[in-house]
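Labels run A, B and C following the written order; every chain starts at residue 1.
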Amino acid sequence: MTVKDDRDAVYEAKKLNLWYGDKIALQDVDARIYENEVTAVIGPSGCGKSTFIKVLNRMVELIPSVRTSGEILYHGKSIFDRSIRVEELRSRVGMVFQKPNPFPKSIFENVVYGLKIHGIHDKRILNETAEKSLRSAALWNEVKDRLNDNAYALSGGQQQRLCIARCLAIEPDVLLMDEPTSALDPISTQNIEDLIYELKQDYTIIIVTHNMQQAARISDKTAFFLMGELIEFNDTEIIFNKPSNSKTEEYITGRFG
Amino acid sequence: MESTKSIRETVRRNINSKKNKRMEKLMPGVLLATALISVLTTLGIVVTLLIDAYKFFEAVPFLEIFSTKLAPLAAEPSFGILPLINATIMTSVIAMFVAIPIGLTAALYLSEFASDKQRKVLKPMLELLAGIPTIVYGFFAYSFVTPFLMKLIPSLGAKNALSPGIVMGIMIIPLVASLSEDAMSAVPNSMREGALALGSTKLEVSIKVIIPAAISGIIASFVLAISRAVGETMVVTIASGSAKNFTFDITRSMQTMTAYIVEFTSGDAGSGTIGYYSLYAVGFLLFVFTLLMNMFAHRIAKKFREEY
Amino acid sequence: MQGTKTIQVKDSIGPAKSVSDSKQIRNRIVVNFIAERIFLVSTVSALAVLGVLIYRIITQSIGWLDLNFLTGKLSIFPEKAGIFGVITGTVMLMLVVIPVTVSLGTATAVFLEEYAKKGRVQTLIQTNISNLAGVPSVIFGLLGLTVFGRIFNLGSSVLAGGLTMSLLVLPIVVVASQEAIRAVPGYLRDASYAMGATKWITIKKIVLPTALPGILTGTILAISRAIGETAPLIVLGIPALILRTPSNFMDDFTALPVQIYYWTLDTVLTKEYANLAASTIIVLLVILFIMNSFAIIIRNKYQKRY
């Protein structure tokens, strides 16, 4: 069951299917993601939720023997359209991974990586953008005096916020987050959740989480996947209080997963 | 937001720039081409050797090649290569008599008996032995080992096969030791513990459990050691000399295949002469032999890796 | 576990059942004790030989290895001979080998690890590299003689020697670089791709810089090998006495190991040559020691910082 909305969708998936070799991982997924909302993607292990967001920025293509059918539209245009380079899509759609993965470089170099690889070397722009991104990621005050320190000197939570800042520097409009807090301690998790709440004013966020309480806390819409199928997709309120599908209810109430 | 638009725009323009697209397209091709240089090298070796080796085999009658008379610079030159092959075999066999027992026991000691502290000291020192250039071993063989052996064996010639054989063996010990030790270390601890728990001594575990289990890796190390000894040049050139007689007397000078090549090219090997072609013929035989040995060793080693 | 071998542990291993049994156990323990000592002696004996070697060489060079020796030019008179030109030759040789082998080796490694699909081309190149690693160095000499010396007409110049050596040590750089590149974690590449970086940019900005310590260590190993190799240079035709210090890459030259070789050969005529050879060996070994210390420092400093 999907929500009915007349706004233009940032992302629209139509009959999306995905196979790893012969194994089907996503079946007939229809979904619409809207702007400036946090959409949580939940479901038991192996249900396809990570696979789903990795299709959205075509990172899933890095795995050999992956096949897809169906459509995914980003702002109305198919992401598989030959005329759009995949790099361009990925520069508009940032990704944060489960385990924080800053580069073995300084904090500053991490944040401006996206700018430098695309030919922006003007020191003023780099410095400004670095500060802006680090502020947006709620990390600036903690690192402003040690921008040249190695990124690995930071704590796990800080590293994850650094990764978020790194994404923000090239001004995406969507942030895909694949279980961003599952490797972090509760306080860092709280920090990131607060951050997500702030960020949604300027960005569209899709977050995969295996933590249902997290989904209930921070998301506007929730998508429930089970065995590759999108079982239910609705306002978070509805999903968690009055789900239409019995399987959704079983998962929410902890009957499995 | 002026700066926002310009960053996004710059990124977009950069991604779509012709230069960017060209780089991505060309890079794999360029890298493939450089990678093929290594293939080209092998081809170059084969072609270079074959062409001139062929000229040799064409010019010299079969019977003469397999004769024991080698006198390339004589008035009536004769090109029997058996003396060279014989010398190579003799020196390599002597080397194996040194390298294999010591290398194997060293590997056993390091793998099964040594404490962590001992291993930390002994292993790097063995690696040190492997890092010494062969010319240094050659000097050592000629200026120390030979005079030393002459005291023990008065009839020993100043140039002989025994001294370089022994020194080559010492040089090859690290090869046998480290490869065999790798093979032994790869044997799962559960096998050791099982035997020890039954009351075996470490020696018994080594001989009855470890060696059989690691045998393919151990044999591979022996094969590589032989290949190394056959291909070794400087030690035998300096210490074994250039006598071209076919003899089994290791107290006399004899010339290996590798020493022959060095002797001839450092002198005046007029290109186009049969003598010149003989170099390539010997080189070709050497190349084929070591290649086969190495391929054999790799196949054995692969079999051993697959078992775990 | 698939393919587990059942090894028969032969002979009586079990609780002592009688006096004769415990005697047997004692014998086995004694044998083990002796064997362990023999193995240790055997291991140490190899190192003892190393000790003798170093000792002998040092004693033979005393009085001969001094500043004059290092800065003087070659001469047929042993007391006057110096290895300045020889050291220059070795340095110039390395100036050819290093760029050639590093660029070829790294490029090959990048291709094999990042671009090549599992298939015939990849297997061909990979097997080829490991075969090349086992080819005797004299053969490379013959290759160099024909291709660089004669066909390219480089004679026995620094360039000819350098190109020959580069091919000889190429497998070392390739293998070390491959390992270093393979060790770069996938999640670093993912982070780069997810930001819209292309494959080549990711390799250039993330993979190679992260793999650099390993590549450097491999290069140092390769150079160490190249510095000590003699046979290919002799086959190329490096002569016994070069009086002039080489000044450009087309000049004739000689290198440390080659000079050691010629002096060793002629020791029977002029026994002081042995002292010269020993002194040169010390110089060679010191250079190798310094380089390998660098490699160890690099390896330790950059061990797993991610």
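By definition in this document, a contact is a pair of C-beta atoms (placed from the backbone, for glycine too) under 8 Å apart; a residue touches a chain by one contact, two chains touch by 3 or more.
Keep in mind it's a predicted model, so treat the numbers as computed, not measured.
Ranking all chains by how far their C-alpha centres lie from the centre of subunit B, first place goes to A. Among the chains present, the centre nearest to the common Cα mean is that of C. Annotation: 48 Å between the Cα-based centres of subunit A and subunit C.
Distance from the subunit B centre to the subunit C centre is 13 Å, each centre being the mean of its Cα atoms. Note: centroid distance subunit A to subunit B, computed from Cα atoms, is 54 Å.
Listed for subunit A are residues 87-88, 91, 114, 118, 170, each touching two or more other chains. Touching of two or more other chains is recorded for residues 11, 15 of subunit B.
The residues of subunit C that reach two or more other chains are 196, 198, listed in rising order. Contacts from subunit B toward subunit C in the complex involve residues 11, 15, 20, 23-24, 27-28, 30-32, 34-39, 41-42, 44-45, 48-49, 52, 101-102, 105-106, 108-110, 113, 122, 125-126, 128-129, 131-140, 142-144, 158, 170, 173-174, 177, 191, 195, 198-204, 208-209, 212-213, 224, 227, 230-234, 238, 258, 261-262, 265-266, 271, 279-280, 283, 286-287, 290-291, 293-295, 298, 307.
Contacts from subunit B toward subunit A in the complex involve residues 3-4, 7-8, 10-12, 14-16.
Contact residues of subunit A toward subunit C in the complex are 57, 59, 62, 87-91, 94-95, 97, 99, 101-105, 113-114, 116-118, 150, 152, 163, 166-167, 170. If you check the complex, the residues on subunit C that touch subunit B are 3, 5, 7-11, 13-15, 25, 28-29, 31-32, 35-36, 38-40, 42-47, 49-50, 52-53, 56-57, 60, 103-104, 107-108, 110-112, 115-116, 121, 124-125, 128-132, 134-143, 145-147, 150, 167, 170-171, 174, 196, 198-200, 224, 227-231, 234-237, 257, 260-261, 264-265, 267-268, 274, 277-278, 281, 284-285, 288, 292. Against subunit A, the residues of subunit C that register as touching in their complex are 185, 187-188, 190-198, 201, 205-206, 209-210, 305-306.
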